[in-house]
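The structure's right below; bear with me while I get my questions together.
Chain naming follows the written order as A, B and C, and within any one chain the residues start at number 1.
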């Protein structure tokens, strides 16, 4: 049974609506970048997102909002479910173009419970600071997706696929998706922070991180191109690295300069990941990361987690004042500690914590990173095994990256396809980078 | 003369802005699904919407916000006018591709007053519960549109039209429109509910209804397709059925399970309506419902109204507590009733009502449904007669679904048109479904 | 060093997010209207906007938010920086298609400081009423852009350029940009007004102005077209004139009728500007205003400033009550004036002003208009000189309006280009109007 909790829903709904724009429109457009796979990119994103959110409401409801024999339902559940949904969609990026909708639904069906259990265990037992969801959302999604794609390895696709290309309109559509993600990312990163100053910092740090990574992405794209030209795949993906990289410390007093630096670092790692790591992983590790989620969510997530740990180690009462025990709530004194009463005089309503030191909290963060990576990788491998079962209607290698397998196509699609046969040398050179998007 | 009312405008403006995104961008993209009629779909939507909102501000202002010799103007009028505008745009869907801008403006010119009078009469004399606007918005718009298209019947178009097809980019654009409508629909359905819990329920029920209808639409689309493929028209339209279907009971305590079931029912009715009812109406009843508004707004509206009546009949003080008299405000005791004073102790500021029983309120809802359908159908028929007058510049059958009649076209439009002549068999088979969109 | 100010960020962030949608998505799509320059229009907008905002945060921070040895940073700085960014993007419209990204970054690098100094000087010393930013944003941006394009004059382009054309999909994309700007413009114009009534008026006046200019634009476009057809360039640009025209008096009690009239006037001036003034300026004054910013921001800005001055002259305490001294804050009595104490009893917290009369304030407004135009024109000319330096990688005349110079292009771009050679007569006739967009 499901009931409602009382609360004024508008502020939460606004953040939820912004997150929905990112998920349905931002991701949907971004994933529609293949020339012959635009319907699938946008529509499978729609289908998978809708299914994942519903499923996450139930599963998270059971783990986090279940008491008095009921799942308690409110806009906050919706927001949490959108985050879980984002996890599935990021993982989807690893196998874009190579999976049937049935496979995607099965992936969501299995990923959501693994994610929810991991989230519940980490939040309940390890207890971490992770306002932007770097560890639980981005790292989990990345390593789960890599696990799945490892199992779905298709050796023949390592030589490229004739349809694995973009087109003029599909590249523009994909940039639009990037812009929607860019614009609303501060809402996403600040959605679950404390009100007031913490939220303020989360908005600004996210904006600053995105800005610096955007500028850096343009610079690197032009500098490392033979003819000094820009590559659309970089603009569609690498620009967003900063949003992930500031995540783990987004509500802390890391200073705008640090947020800026994080954006630059995350962007740089992401850029070179696309150039060198993704092809290497495909050739030598059987990991075909179609949209390069390991660059945009994995490498940046690791940098972000490290930065979060540094910020935790550096946090002192001198800098934060007593509000430190709000942001780092597990460092607040436990029930019964006389210091708690003292602090509650300064901050009425301060909740008792676990009395952890900075070092202890940092260790717990490290534990959370490893736990999350392990759980997600194992979960991904097992899920990939299930998705490989023959009745999952996996497309043949030849039919990858092609809408025609799944949709009744309008007649102009044939004339688009005729352009397919003669592929310019220019384009062949781009395959390895087109290979590695999102 | 027009003056302003005092109020903090931000919360209302946010909902209005969300509604504007739905109207200008959501509808605009959705209606741009024809291959040769993208300019018209998007731009006539823009023109008609702008005109309808202005006109509705005046007309509704006169009926609902006129006192002290002035129309009182605030963001709330804007929001109400956007709803009236949505009515016109839904009706527009019935005649898309077959009308000149002059005809559309005349339709808006006549539909807004008929709508405003009906709205005013229903709200003032019949007094109903209809938070999501199922009866007044969706049913009115649907039967008005059917009335218009009945008068504008074009027998030759029953055999299909060479330009009545979509294209790869136009289908993607139309899905984007669907996504914008999907994402912001909870704002639309909750805009006029009470604050707090009612709004909360409205947001969640709308989300749940949309989710279940989306999943159902994908399933039905694949199941009833000969080759198990998805049809874009279903994804663009049928997915949205749940948003309408939860409308009439969206703020009531119907439970999430009921909202889910309503989404499934509405979606199923809508899907089979597109498959069987729309072609039947075109062939046998002279009703060419171009975008299938009878499926997405009529059938769903009838289901929703019925569900609303059931929810009213089932509502008891045990379930709702004294807040029942807020949601079902006409059931509150009238002025002078001692029970009113008692309730006002529990809920300060509770307004006196009409002292109706649940059964009475249900009968009034039924009366409102029939009144609305009758008024809209008659209004639509008369409006269609006016639109048929010769100086309305109605396009010839041959020129339907073609931007060239109304716009200076860029030169690549000719090369798009060359694709027109050879039409594949595949496409001919789709005509009857392309026939029935939105 | 940069620190944060305490404040609940959500209301400001929502307005900032709306402004970001306008800047990144609205402008981005609008500027992507050229057939072979869609990547550049959208992506250079992204690059320039991101750079301009960062740079403006620093420069405005130094001029407006610097005290105690620190720049104080909050969402409000972000919002102010978005406005500065809008200035750069409007100026960008004058040179669209004829500049390299390096040139655009240099333009932003120089324009932001000139703008910030002008803004700071006008706000600190002249002190004006300009809620919608007509003088400081639109007029500044326009004359700066004209100054730049005067210096970058390319005589050969006065005869048109083969690639200076739109396409079917690019025109649709551009209309989408217009719609995003249209929908969120009330947020932009009301972002910096007082809370409550002033904001309410700003939202409504902007909506009314946009509505009337949209209707007028459609009417003029059809009336002045030889065959009564609509021109997409008008719909993409002229419809928006009302948003600028109401700007300077947007929060004043000008009455909705006046807002409506301003929309009609601004739209008419803008429309005829595109038809007659822009070609004249290109042929005879060496000013090639690519997107016609002088029509959409200059002419409308001048009308708006004049209307603002009239509204100031007509403002009396009878109409406004004591709140007049809040809106026209410089007319409030200065410190020490006994009338100030009296007013502060009516409006607690009223800030002391300068005790200006209406006539004095009007003169200061005039001074601000001339100061802004002079500063921006000179700044634009000097910036244009710098941008002309040879190492700025300015594209050759032949390479203008072509993405291929700056991007690795997908293979279908070549097939798009093949359509280029045979240009219809119809299209040649449109060149002068395609010449003059945004």
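The rule we apply is simple: a contact is a pair of C-beta atoms (placed from the backbone, for glycine too) under 8 Å apart; a residue touches a chain by one contact, two chains touch by 3 or more.
Everything numeric here is computed off the predicted structure, so don't read it as measured data.
Interface note: chain B and chain C, two copies of one sequence, contact each other through mostly non-matching residue numbers (shared numbers fall below half of all numbers used). Superposing the C-alpha atoms of chain A onto chain C requires a rotation of 120 degrees, rounded to the nearest 5. Taking each chain's centre as the average of its CA atoms, chain B and chain C sit 35 Å apart. Multi-chain contact residues, meaning those touching two or more other chains, occur in chain A at positions 14, 169. Note for the complex: chain C touches chain B at residues 11, 14, 18, 35, 165-172, 175-176, 179-180, 182-184, 186-187, 190, 195-197, 199-201, 203-204, 207, 210-212, 214-215, 218, 225, 229-232, 235, 239, 255-257, 419, 423-424, 426-427, 430. Contact residues on chain B toward chain C in their complex (touch as defined above): 1-2, 4, 6-10, 13-14, 17, 20-21, 24-25, 28-29, 32, 38-39, 42-43, 46-47, 50-51, 53-54, 73-75, 78, 101, 169, 173, 405-416.
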